[in-house]
Every structure is written in C-alpha cells, then in structure tokens.
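First chain written, first letter: the chains are A, B and C, and each begins at residue 1.
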Amino acid sequence: MTKKYVMLADTVRCINCKACVVACRAEWETPMGYTRDWVKEVEWVQNDQPKVMLFPGRCQHCDDAPCIEACPSGAAYKRADGLVLQDNCICSGCELCVPACPYEARWLNPVTNTISKCTFCQPRIDKGLEPACVQTCVGRALIFGDMNDQESEVSKLLKEKEWVRLTTDEVNIGPNHYYYTAGEALPDEVMPKLHDRHLSGKTMEIVNPIGAIAIGGMLLTFLGAGVMKLIGRRNEVSTSENQEEK
Amino acid sequence: MILFTCYSKNLFKINDLYLIGTNSIRILSELIKKVNRQPQLYLLASGLFNQPTPARIENLRSLLNELLQTIPKNAPELPILMALKPQLNYKEDLETEYSRLFILAFPNKPVQPFASYWLESDQSLMGNSTLEIKKMMAEQGIEVAENSGLLPDHIVSELEFLAYLASQDDEKARQTQQQLLEQHCARWMPQFIAELKQANPILYYQLAADFLINLTGF
Amino acid sequence: MSTQTHFDPSRRAFLGATAGGTALTIAGLPSQALARINAPHDPEKLKETTEVFGFCDMCYWRCGLKIRSRDGKAVKIDGNPEHPNNWGVVCGKGNAGLMVAYAPNRLKHPMKRVGKRGEGKWKQISWDEALDTTAKELLKVKKKYGPQALALIGHGSWEKPYHRLAHAFGTPNTTSPVFGLCCGPRGLSNMMIMGRNLTGNETLDLENCKYFLMMGRNITESLHNGETLGWVNGVANGAKVVYFDPRYSITASKADEYYAIRPLTDHAFLLAMINVVINEELYDKQFIAEYVVGFDELKQRVQKYTPEWAEPITEVPAKDIRRLAKEMAAKAPSVFVYSPRRLTRSSNDFGTGMSITILNTLFGVWGRKGGVFTPQKYKVPEIDLPEFEHATALRNDSGGDFNYEQPEIPLAHIQDESGKYHRADGAGVMGRWPIANAQYGLTNEMWRAMAEQKPYPIRALITAGGNGFLNSTNYDIIRKALETVDFYVAGDVIPNEMNMYADILLPEASYLERYDDLQVGGAREGYVAVRMPAMKPLHDTRDAWTICKQLADRMELGAYFPHDSIKELLDDRLKKAGSSLAEIEKVGILKIPADPAKNFPLDHGGKLKIKTPGGSTKAELIPGMLKQMGYDKALDYVEQVRPNEDEFHMTFGRIGFHTHARTQDNVWTADLMRENVLWIHPEPATKRGIKEGDLVKVTDRKGRDGEIKAKVTARIRKDTIFMVHGFGHWDKRMTTAYGQGVADSDLASYAVDPHVGSMSMGLSLVKVEKV
C-alpha cells in the first residue's frame, strides 16, 4: 500500500526548546535569516489566568498543495507518499510559490537561489532514518511516520488521541501535519492565511489591463527562464537516470 | 633551460606534499629568486598579514630589499614598496596592533582574516569556502601544515597559495590562480580591506592593505 | 519560513488559469525540454559522514552524543540513544555546539597581556612561551607564598585535569561554582538528612511519578534533557503537576495547578505542608518506623507552621495546602517534591532544602517506583597517582554527585598541626563553613578570599572556563580579586569578561575537538562514556589534558600526568575496568544494565542502606550533626525581604535555548534570542507608562542599573520582574553578545547563606522606570 507520511506535533509535550529548529539548520545548512521549521509561542489571558501554547511548524506537505500549482517550471512536485518536494535543478528562483503557501513555509535560499523548505527530511527518511527534528526533539513531541501503516506509531497515536489540523474555512488544503492540544482551541495566530494576492489557480484580482499584459510578459519570461535553466541543468544529467518513468 | 624547468617544477615542493605555513619566508624567497616577481610579491603580502615576529619582520625586510633591487622603475607597486621599507622594523607595537586588528580586538571588532567569515551567512569559520580552498590546494598537492595554526582560507594561506601558483609554469596553475583570485578572493578581500581601514590601523597595516589592493586589483 | 520579510508581495506576478503544469504543455516548447522535465526529479541528497561518540559541553547535564563529520569538520550533532542522560535527544543548545568550534572570535592562539590587566592589549605568543611563562610565574608564587597561594576556579569544558594539576601543585583551593552558586543547599540537605546526595544528574523515576510538587524547577526551560523528557513522560502517563513560581513559565503552562507564590517564601509553604502531613498522619508510617529518626522532634518544631500561618506569607490559600498534602499522600510513594535546580535565592536556602528533603522522606519516596531510585556505578579505577601533599579533598568521579569524603580537619583556622592549609574559602573548615562541600568549595568565598587576601595570601589564579562576573553578583569583589593576584592564567575556548583580565590566555580546543577523561555516571544503569574528537583542533588550540600535562612537566609534577597522551590515560583506566579505549570507541558508552531490585530496593523486598554524615543508619529528619553546630535552626522559617510599594523582586532564570553566560555569543543560539527582556505585569507597567518593547531602566538599592526592553505580560506577579540569565555582556570580543540586554548578575543580591556559605542571589529589590 502506498505510504502516506504525516507529522504529528504533541503541543503538550513540546517545550519550545528550539532543538528542532537548530537541528534542521545544521542538517540542511540553512542560511541565517531563514528556517525550514519553527515553534510559535502564543500567550494570552483567559479568565484572569495566563495561558501559553506552543506550536511546532513546518511545511504541511498538503494533499492539495497550492505551491505546486503556482510553480511554473514543475520544480515543485508531490511524491506518491505525500512529500511535497523541490527539484532545485529545475527551480528558477522565481518565487511565485512563496506567497502561494498559506503556512509561509517556502522561501528563496540566497545561497542556492532556489526554493527551500521542509522536505520531511526526505534524504534521511529514504534511508530509514527519522527526520532530524523528530530525532532530536527533547520532549518527543514530534512523531513521524506512515499513517497508512496500521502498526506505525503515528497510526496508533492518531487513533488514541484527538488530533487536529491547521485548517480554516478559507484554507482547507489537506495538510499532513497533525496537532494534539488536549482539547484546547487553536489560537488564531497559528492558523494559515491567504496572502492578499494569493495564487490559487482561481481568478485573481488584476488591477488594470496593462498589468495583465505585464503579467503575461512576466509569465513567459519566468517560463523561459525556468525552461532554459532546466535544459541547461538537465544537459548534465546522464541518460541512465531517464530510464525511470515519472 | 633544463635546469630552469626542473627548478620551476619542483618549486616550493620541499617535501612531496607542500605544506603552507611551515617554511619561513626566507627559505621560500630563496627558492623563487629566479622567476618573475609575482610570487615574491604574494609572499610579501602573505607575510605582512602574518604574525609580525622579529624573525618574520627581518625576513620580510630581506625579501623587500631583494625585490627593490630588481624591480623596474615604472612598476606600479614600487611606491608602496618604498613606503613599506622603513616600516619593516620590529617593535612590540606591531604585535599588539596585529592582535588588536585580527585576533582579540579591543575595543573594536576584529577584522577576521578568514574568507569563510565573510562568505558564510552566520559568519562561521570552516564554511563551504574553506573546504573549496582546501580542495583547490589538494589538487595542487598542497596542504596547510597542522601545527601552523592556520586554516586553508586564512588570508596568509591564500596568499601563500597564490605565491605558489604564480611560481608554477603550467596552465593548470595559471587557471587555478585566476579562479582563486576572481571567484574567491574577490568575494571577500575587498570587504576585509575596507573594514581593516576602518579599524584605524597603524601605518604598517594601512600600507599592508594598500599593498594588497595594488597586488590583487581589488 | 523567512525570519525576515524578504519578499514583497506587490511585485509578484499573477498567473491566471494557466498556472502550473498546464503551462508546460504550451506548444512550442522543445521536445527535448519536455523530456527533461518529465525525467525523474533530483532532490536534496544526504552526504556521507563519519561518526564518533562524545558528550555535550553546552551545559552540565552532559548528554551523550554522536557527532557526524565530513571533510575534516563536524557537521551535525546527534544524540546517543544509549546514553541515560538523554536517550538520544539533543536540545537547541546542544545542536548549536558546532558554532562553538566555528566561532570566528574564539580563542585561537596563546596570548600574553601587554599593558594593564583588563585593558585588552595582547600579543600572540608560542605555546612554549605561554607554558614556560605560566610555569615560571606559578613556581615564583609557590616559592614566595607556598602552594596554597594558588587558586583554581573552573566552570569549563571538563576541568578535571586542571584540578589535578592544582592539587599536584599542592593547593587545596580548587573550586567550581556548582556548589556555592547553584546546587549546594539542596544537595547538602539530602546529604545531611538521607546520606544520599541528590543533585547533579538526579536519580528520579520520573516516568512513574504520579505527583510533582514543584517549587520552581522550571524543568521545561532549565533543561536537563533526559530529566525533562522523563518528566514529560511522567506527565503524559498521568502525573499531576502542581507548580509554584512567581512567573508563569512554560512549565506552568503544563501544570494542572499553578500558584504564583510570593518570591522567597517557598520554605514557609513547605513547612506548612510538613505540618499538615504530620498532623493529619499523611506520612508513610512504615517507612518512618523503619528508616527515619527524629519524627517526634520534627513534629514539635512544625506545630507553629500551620497553613493559616503560611497563607499570608506565601499567598497560597491554606485550604489548598491541606488539599495538596492529602492528594500527595494518596499517590505516595510515587510522588516528588521538586527542588529548583539552583537553590541560591532566599536568605535561608538551606532551610528550604531541608524542608524539601523532609517532605520527600515523610512520603517515603526513597528507593521506590515513581520516587528516587538508587543508582548503580560503573567502577572505573582512577590511574595510579602519587599522594597529593596539601589537598584536603580529592576530586573523584561521582557521576555528578558531590563527594563528601571529609578528612579529619582539626579546629585550627588556617593550618592544621601537620602544616596542611585549610581551604581559603572555608569550605569544610571548622569555624568557617564546616558543612560546605570541601571538594567543589564555595566559589563566591574564594573570590572574596582573593580580593581580601584573607585568611592568607592567594597570589596566583588559574581559571578553566567560566565567567566570574556573570555567574557572580558582586562585580567589585571579582574585579578586585582579578587585579590583586600576581599572576592570572586563563584556559578557555571563548573570550569573556573574566578571561579579559588574564596575563596569559591558553586557547582550548572545544569539546568537539578533543578527548577528555571519562564520564563516569550512575543512573538506573551504571555507565562510563567516552568523548572522542570529531575533528582536529582548529587554529592553535590544545585540549585541556595536554595543556595541564605540559604545565605539570614544567613544574616537576609530571608524575601526576604519567601518560604520554590522554588516549593512553583513557586506555589505562578502561583496561583496569576490564575494557579498553578501542572497545568503548565502538559504542560510545559501556553500561551495567538497570536492575530493578537494586534501583528500587523497597519494591523488591530489599533494604535501603543509609549512612548520614552524622553517622546514623537512619534518615535524620533533624540531623544530629547540624544540631551539634546549632545549624538545625535553619529549619525555622526566616522572614524574607519584601519590596516597597514602588519596588519589585528581582528574579532571573533560564530559557530552553540559552544557558549560563556563554550561549549569548553563539551565533545560532543568539539567533533564537539576541537579548533578554524585562518581564513586567501590565498593571505596574501601565502605572509607569511602559508598553511592550519600551526601553526601561532597572535600578537596585545599591544604585546598580541597566537598560533593557520590556515584555509586558500577565505571566509575572505584580511585585516581581524577571529576566533571562546570562546577557548584558560588555566584553567587545564577544561580538554577538556584546551590549545585548542586561546582566542579571549585576542586579542580583550578594548575600551568604548563614549555614552553608553559598550565595543568596534572590534578595535584590529593584525599581523600574521608562527611559
């Protein structure tokens, strides 16, 4: 059966130690000023009592990922097991996918000039290792695995406790990241939001017709750039790699 | 001619593997006496940014005098070399200034003489650029000596490496030299020099900075 | 995500319905391109690495590690899943250890001071010159004043060889801050009452504990990874958490009940709890009968400490005190009264510590599931060493526990009859601080001894890591001490305010670049772990053992460092233990498996072996030894300072991704939090016109002040302010930490616990005003 990878974040176990953030930075040589994962601390007052909740976050590897739709070159793609990945040989760095993500998970890496984001540590999990954040998590708050495998820890946990996802009426794109909050409501701060000019494949507000032409021109330029980069890079790819069907 | 060819091939290779940071400038400069002055100029630059011990200052003075003997009157670096000459006299002030500028600055920040500091987003050492230089050196049969206290991308190492490359006759060395200068040094040495000047150095180091600019064109 | 706003939505282009994949089927694209596009993707790769074992040095919990290297440099720090300190997890600080090795401003070359001490003028010198000079100067002091005129203060990467060197030199004056500035009062309390030191790597059966009564102990932010994980597991397994703290920390957010207890009054609460537990017979009768003496005396002494008495002092309702006592009794012995990690705050920390131990003992938690287990030790013999002439206490491997071997010390104040000098800090010395640990000493008193040159001259100082300023609270004393000694040599990895005063700087290799002596510990398992270098020392640095050996050789103390290398030493010790360096390098850690019968004797028909320092084979609720000295009065509650109307209690503590006064300069951890902020309640904030993020000035009664940004939050009591420890650096060589935030240590109190001699840092009262 095809795998369906999911990440579980138990916010009761999370202690905001940022181990996940630093481990990820070290594992993937993330430049300063950027991060593939994070922990949001939300505090407020309820019935005269302070309250704090903690939310580890990263790319949600959505079932219906708008970043893939927005990507003009096909660099953003979804693997059969659910991982939303990035082919940096094709990526032209156009950044169209960045505002497409309502979880703000994607960013342009200034060192490589391609898009970076959480990949669920695809190179590690393909070798049977855990994602770096999961392995290092001090509270064992992050749990990762295949929810289609009934024997997996994630499957058992999903059955045992009540897990929620970060979805709203506006943004409901099948994230594969689950949260346990012991019944507490999700605060607004952690919910996904559409950007003002979010790309979703639906019709957008175009301010003026000249804008439309400029956009068309930009589209071709981006496509052109993406394709040229693609061709250039791919010329180095050996033919043996082309034997697999996509 | 044969002698020259042999000599130039074995230039700097005191052992099978040449080690940066081990041999004194005096030894190195003796080896390259017979080639064009580029290697000597790089060697001088490398020494100017290394710890100014009495022995090193003396060797630099000898090297400079040698250069001045054979240098043409219209050489662009001549004025700076002339200005440097009286500076190459040891005094302890040089050492404290060296420490202040490059090692344990007080009260300002040190002007870090490592490429990696300037090129890595977190200003760390031993970054990707360090490994690149290490590989480049290894391809030429060169390694930084373990007990030298240097890293491959320390300015002293890079300049000594350039001195080596400039002394070699083959196309590969020339290409490597160009690549090193244009694709690596150009990305950090200008900022290094600018910040060095901002740190208000004594004349010796002002001149060292100017000399480096003159030598590299940055 | 981007932690900076790097994209501007307004310049985004819009794709209409032609977005995405459909664009690629536009006619006109070359078929070659299409073929390429449809080729398999080329995502990120995992690069090859080699791996060694080690243990962390970012804090003192010392998690077991596996470090990956590539191209001669360490690239990733992972946990060792086999190590009982952390079971494979590594916190943010641990992961950031790479940036200790790659810090551009770390100490790289031996340096010699030129100019005034502390002025900051240095000259690079060779190792030979540095070591020769150090040896010469130390011997000069020894000749003129005697070996006891040397003090060693350590708080660094595995300072053990420095201690050995100093003891070989002949001085008793070696100290680490852990006792006098941190854990002393609570470790001592357990030791005095139970004969079991409970500190360092605590031996708590957290997963099975059902009730945590936490007096502070912000375990989710003052991280001890394995302990924190154990606690998180215990909570997940249904433990109730009742948490007392003037501040609503992350731990508070996970508690079932939270009490914003008045600062410094924990002791009052605990005495009231003892009162209820005794009077309502909620204690473990069998345990008391079999293992405890002093019950009746204790009962007498706590009668006056009723919950009603405690309520106005602590602001914890009396009815809650009664209820909590009953709840705990119902879950005993799988309960635990949790002491703060650092118990150096009130003017009677020793009393507080004693109450905690007493309460735990009344519930019979020792040697039981869900309580305190008995650790096992992996016996690794020490190397053969000559006698230490003057040292009054040896530093042994004790897995983090303090070693309380007390030699007979007669009453003479400075020297005994045989001419052996007592410790200058008075630790373990009759007439001064007799119950203070003579192995770790009282670092605060050592600094004072140096500043005042009493009871006898101390003219030379070695520091091994540490930051005497930021870990202490009286800068004048530290400064005076540093300026007074004839010679100061500092070994460290990073520059800081203290080693700025050194005459000679010895640059140490970081923990990622060296072997060190073994980590011998006791958990349910007994274990010994190895630290292996993940790469060669960068720059011109050397590991601590080599530095100490080379100094020893120059001072004719080579017999104390008989091996040619640290590797030889490790192999020697391990062979004596039936193993070898080669063997331990394969697995990183050797263990004696957990043995429930040994770990939980009372649950398996076994007995608790008790031997208190007073000589009792039962737990002494009121230790006889203390009574003899009149120190049992520590059990009585002492009224604590209270702020005036316009003042605040000054409190400080931890956050998960910073520790001590060192991570503030680490680029990765500093990126998570660059400066500390002042926590202030909205009500007093509004009164002062202070809004979130405003710059405020905080001033103590001594006139010490600092400027810091405000965090206006309901998560702190109205009469209290808080800041994270370790910021406010003023050493410009700490280029990331310099000028960031405020030094809590320069606002905290310098008072001395009257019985232990440890510091009391929580008595400071401050004013806050908007700048």
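Just so we're on the same page, contacts are C-beta pairs under 8 Å (C-beta built on N, C-alpha and C of every residue); 3 or more make two chains touch, one makes a residue touch a chain.
Fair warning: this is a prediction, and the values are worked out from it, not measured in the lab.
Engineer: Could you quickly compare B-C and A-B and let me know which has more C-beta contacts?
Structural biologist: By the number of C-beta pairs in contact, the winner is B-C.
Engineer: Among the chains, which has its CA centre at the largest distance from chain A's?
Structural biologist: B
Engineer: Return the distance between the CA-based centres of chain A and chain C, expressed in whole Å.
Structural biologist: 37
Engineer: So how far apart, in whole Å, are chain B and chain C when each is placed at the average of its C-alpha atoms?
Structural biologist: So the centroids are 45 Å from each other.
Engineer: Counting in whole Å, what is the centre-to-centre distance of chain A and chain B, each centre being its mean C-alpha position?
Structural biologist: Centre-to-centre distance between chain A and chain B: 46 Å.
Engineer: Check each residue of chain B and list the ones that touch at least two other chains.
Structural biologist: Expected reply: 122.
Engineer: Please set out, as single numbers or ranges, the residues of chain A touching at least two other chains.
Structural biologist: 32-33
Engineer: Could you list the positions in chain C whose residues touch two or more of the other chains?
Structural biologist: Each of 98, 667-668, 671 in chain C touches at least two other chains.
Engineer: What does chain C use to touch chain A in their complex?
Structural biologist: Of all residues in chain C, those touching chain A are 1-4, 6-7, 9-10, 12-21, 23-24, 26, 29-30, 32-33, 35-46, 75-79, 88-96, 98, 220-221, 223, 225, 228-229, 232-233, 235-236, 248, 250, 252-254, 258, 656-657, 667-669, 671-672, 713-715.
Engineer: Can you list the chain A residues touching chain C in their complex?
Structural biologist: Per the touch definition, chain A meets chain C at residues 12-13, 15-19, 21-23, 25-28, 32-35, 38, 43, 45, 49-54, 57, 68-74, 77, 85-90, 95-96, 98-99, 104-105, 107-108, 119, 122-124, 127, 132, 135-141, 195-197, 199, 201, 203-204, 206, 214-215, 218-219, 222-223, 227, 230-231, 234, 237, 241-242, 244, 246.
Engineer: Residue numbers of chain A touching chain B in their complex, please.
Structural biologist: Chain A residues touching chain B: 29, 31-33, 110-111.
Engineer: Can you list the chain B residues touching chain C in their complex?
Structural biologist: 51, 92, 95-96, 98-100, 103-110, 112, 114, 117, 122-127, 131, 134, 146-147, 149, 151
Engineer: Sort out for me which residues of chain B touch chain A in the complex.
Structural biologist: Residues 121-122, 128.
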